[in-house]
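Contents: one structure, followed by commentary.
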Amino acid sequence: MVDQDINKKLDTVQMMVNMGPQHPSTHGVFRMVLAVDGERIVDVEPHIGYLHRGSEKLCEGEIYVQIVTLFDRLDYLSNLNNEMVFCRAVEKLMELEIPERAEYIRVILCELNRVASHLLFIGTFGLDVGAMTPSMYMFRDREKIQSMFEAVTGARMMHNYIRIGGIKNDVPDDFIHRMKSLIVELKKGLEEADKLLSFNEIFLARTKNIGTMSAKMAIEYGVSGPSLRASGVPIDIRKDHPYSIYDRFDFGIPIGEIGDCWDRYYVRLEEVRQSISIMEQALYQLPDGDTITPTRFLLRPPKGEVYVRGENPRGEIGVYMISDGTDKPYRVKVRPPSFCNLMTIKDLLIDTYVADAVVILGSLDIVLGEVDR
Amino acid sequence: MSLIIDVGMRVSLILGLLTGLSVVVLSLVWVERKFLGRIQMRMGPMVVGPYGLLQPVADAIKLVAKEDLLSPWVDRIVYWIAPLAVFIPSFMIWVTIPISRDIVIRNMDMGLFYIIAFSVLSIVGLVAAGWASSNKYAVLGGFRAAAQLISYEIPLIMAVLGVAMLAQSLNLQEIVNQQDTYVYALVQPLGLLIFFIAGLAEIGRTPFDIHPAESEVVGGPFVEYSGAHWSIFFLAEYINTFAVAALTVLMFLGGWLLPGLSGGAITTVGVLVFFAKTYLVILIIFWFRGTFPRLRIDQLMSFGWKMLVPLSFLNIILTGCYMFYGWPAWLMSIISVTILASVFWLVSKRMNNTKKEYTVHIYKPESLEVKNAG
Amino acid sequence: MAEKDKAEEAIEPINRLDAKSIALQAMLPGIVSDFKVTINTAFDLVVVAVEPEEIKQICLLLRDNDETAFDYLLLLCVVDYEDYLQVVYHIYSTSLKHTLVVKTNVSPEEPSLESVTPVWKGADWYEREAHDLFGVSFNAHPSLSPLLLYEGFEGFPGRRNYEMPEYKEW
């Protein structure tokens, strides 16, 4: 890409650029110290931890019911997926049976959450590349999803809706009707973004063959989710190790070819389509019945340890929970997908341009609340 | 006594021009925000005044009233001079831009030359601003600005040269008057396109807003400026936008001329025609801003040197042949349009190819198994 | 009452292994026969407890062996059991799709362990995090500079005996 020999002959001076924690494109409080030679990045030193709240330590002091709210605050763009994975961990240890209806509503809302998260990604990725209109379109559509969440869970972001044993309350009466019209609008909005951005010549020039992550590298680093699938590795926990009721739906895994920024972008865009298809099927199959298996307020799961995996919008989330038989967990450890995805940043950035750094970081789609926990 | 009157005249002219340009800039800000808002399915400013008409005024008051922050590490003299070094050239070129047949401050025979000579000067201001801010983003932005502006100066001048050859004059009024039978956009569509693209790069607007790129270098050379000093840069940027649109109109779209408009009406109605045409061009510039992502600096350079510069030379050669052999004008337009069409065809063909190439596969494990079993 | 307690103790540890884990459990002793390991189960996963000195060799072996092919590190985690620290590795095979838990115990006084970054690059930040929060030092790690905490932070906040500084409102 860059002719290094020329630079060696010239006596160039490296400059350290401190990107973040207050930079508009680091998506939170992430800091990179870039050593640049002109516009070319020679070395990168990522710094995280500005948002470290000790969530995992906090979990040790809370009873199980309270921990759900802590998981809300890990990845603040996919709250419901986070809640679900923790509730599943406890349910798995206690071997609780979840009512059918609760499972379906969980899946519908989680997929809706995934759509919201990916829409936000598409919008902010557009901003990173310099296009401002996609973000407006996507925020408009995401706003509709947020009001849907508000109608169902009572909150726009920190829902605390998925509870151990089921869900907090049943959905409103007009839920199916509203969801159907929402899905129609989402499809329309997504096509608009697709037409506006995906195959724009400048957008292709900015993202194609930039930040290429090979499948081998992705697996070595433990990259997961759309970023891994963009490299051509078809791993999706919903397919490989189906949890909840995901084995009942017909959906595909979008996989990219070479794992560049454009692939990572388009895999996410395609995933929105798949999620919409899952939601449609789930709405069609939605049964009647209870929404929660009653449990005690002070849960005491049996002694033991459990590792539960789930597919978050950002990648594979895992919860390793050790119970000592009391009402508080002995240890909770989260496998944060953004954390592993962000680890690759050093290898991806070296020998690219400063302008690419923003695009590559944006294409990894990180949430710092989850990286730092 | 006559000297005092003379000086008074000049000062009032300058002040009048300044006021007029400020009003234009305020209107541009409003138009941009409204237009972008409509593109993005928003309302745009609606609160201050009817349809938010007073919003730019409120913004201006806010900017002037704002504290002018000064980092202790800046190189003070250069730091204060830089906004002026950007603003004054952009202001000076308006001295010779006519807005109607007889309305111009000073009509110069070397008008185009003067405009180009002055517009290049603003590079100095941008680099100085970047350097004096003692901020690394500003330095990066300043260097980007220098590289970008210098390399797009060449196609810009070459496109202007084609027009000058056709009109046999550098006088802007003369150039417009020459277009009374047909506008030069018909004879020089290639020149128009080159001038417009290079002009966009000169004023640093999307898709060439590389030196102030907010998501990369956080505003580039302007990152340390605030309050009134920042607003001078802002003013200069919009005056330049207006100037590029006005020059496009004057050189290619017939300025204040309109079929059916003749006699004394040209002076008065011509102003309206000129402004209408200019605002249309400006709307196109804003439309680009709402649609395109941003190029990277190396892509911008390769586009400039590998595409625009050869095309602009080709345009000059064509114009030269046209002048020398006395071809009819329609032949010139046909050749120019053919070149343009072939370039478009090549680009769109490449785009369609990439569209076919770039896709994402949907992997369905079950269906694969079913297929294998069948 | 006493009988009931006895009955509870008699119950086997919960075993919910699926087919892949059962196959893995059957296969493992043959593969790691050179090392001193104990193979156990925890809920639905197979657990291999190993000696801290051998951790890197075992991980390399598990990664490179074609039958196990654990090429993907899911999670590296430290659990503080007061009298010892347990380092837990959840590893996964992207080709064979099975999961294994590797555990090793280190002393809380001067916990030190061989780094597994040469085996899985993804262990890098996990080990730095473990070093921050639990004070486990990983030998041959490229750089164990603080990741989540700031430079010069005193103590290991992840451990159970860490005394939280009193929070005062003011």
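Order as written gives the chain letters A, B and C; numbering starts at 1 within each chain.
Just so we're on the same page, a contact is a pair of C-beta atoms (placed from the backbone, for glycine too) under 8 Å apart; a residue touches a chain by one contact, two chains touch by 3 or more.
Note that the structure is predicted; figures quoted are calculated from it, not measured.
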{"item": "Contact graph of the chains (line, ring, star, complete, other)", "value": "line"}
{"item": "Selected pair, greater C-beta contact count between A-B and A-C", "value": "A-B"}
{"item": "Distance between chain centroids, defined by C-alpha means - chain B, chain C (Å)", "value": "61"}
{"item": "Distance from chain C to chain A - Cα centre to Cα centre, in angstrom", "value": "25"}
{"item": "Whole-Å gap between the CA centroids of chain A and chain B", "value": "40"}
{"item": "Residues of chain C whose C-beta touches two or more other chains", "value": "none"}
{"item": "Shared-contact residues (touching 2 or more other chains) in chain A", "value": "none"}
{"item": "Residues on chain A engaged by chain B in the complex (per definition of touch)", "value": "15-18, 23-25, 36, 38-39, 126-133, 136-137, 140, 196-197, 199-206, 208, 230, 234, 239, 250-257, 262-263, 266-267, 270, 274, 353-356, 358"}
{"item": "Partner chain A, residues of chain B touching it in the complex", "value": "36, 39-42, 136-137, 139-140, 143-144, 206-207, 209-210, 213-218, 289-299, 347, 351, 354-355, 358-366"}
{"item": "Residues of chain A touching chain C in the complex", "value": "48-49, 52, 54, 56-57, 60, 92-93, 219-223, 233, 235, 240-241, 302, 304-307, 309, 316, 318, 320, 322, 330-331, 333, 335, 339-340, 343, 372-373"}
{"item": "In the complex, chain C residues that touch chain A", "value": "13-14, 42-45, 71-75, 77, 79-80, 88, 90, 94, 97, 99, 101, 120-122, 124-125, 133, 146-150, 157-158, 160"}
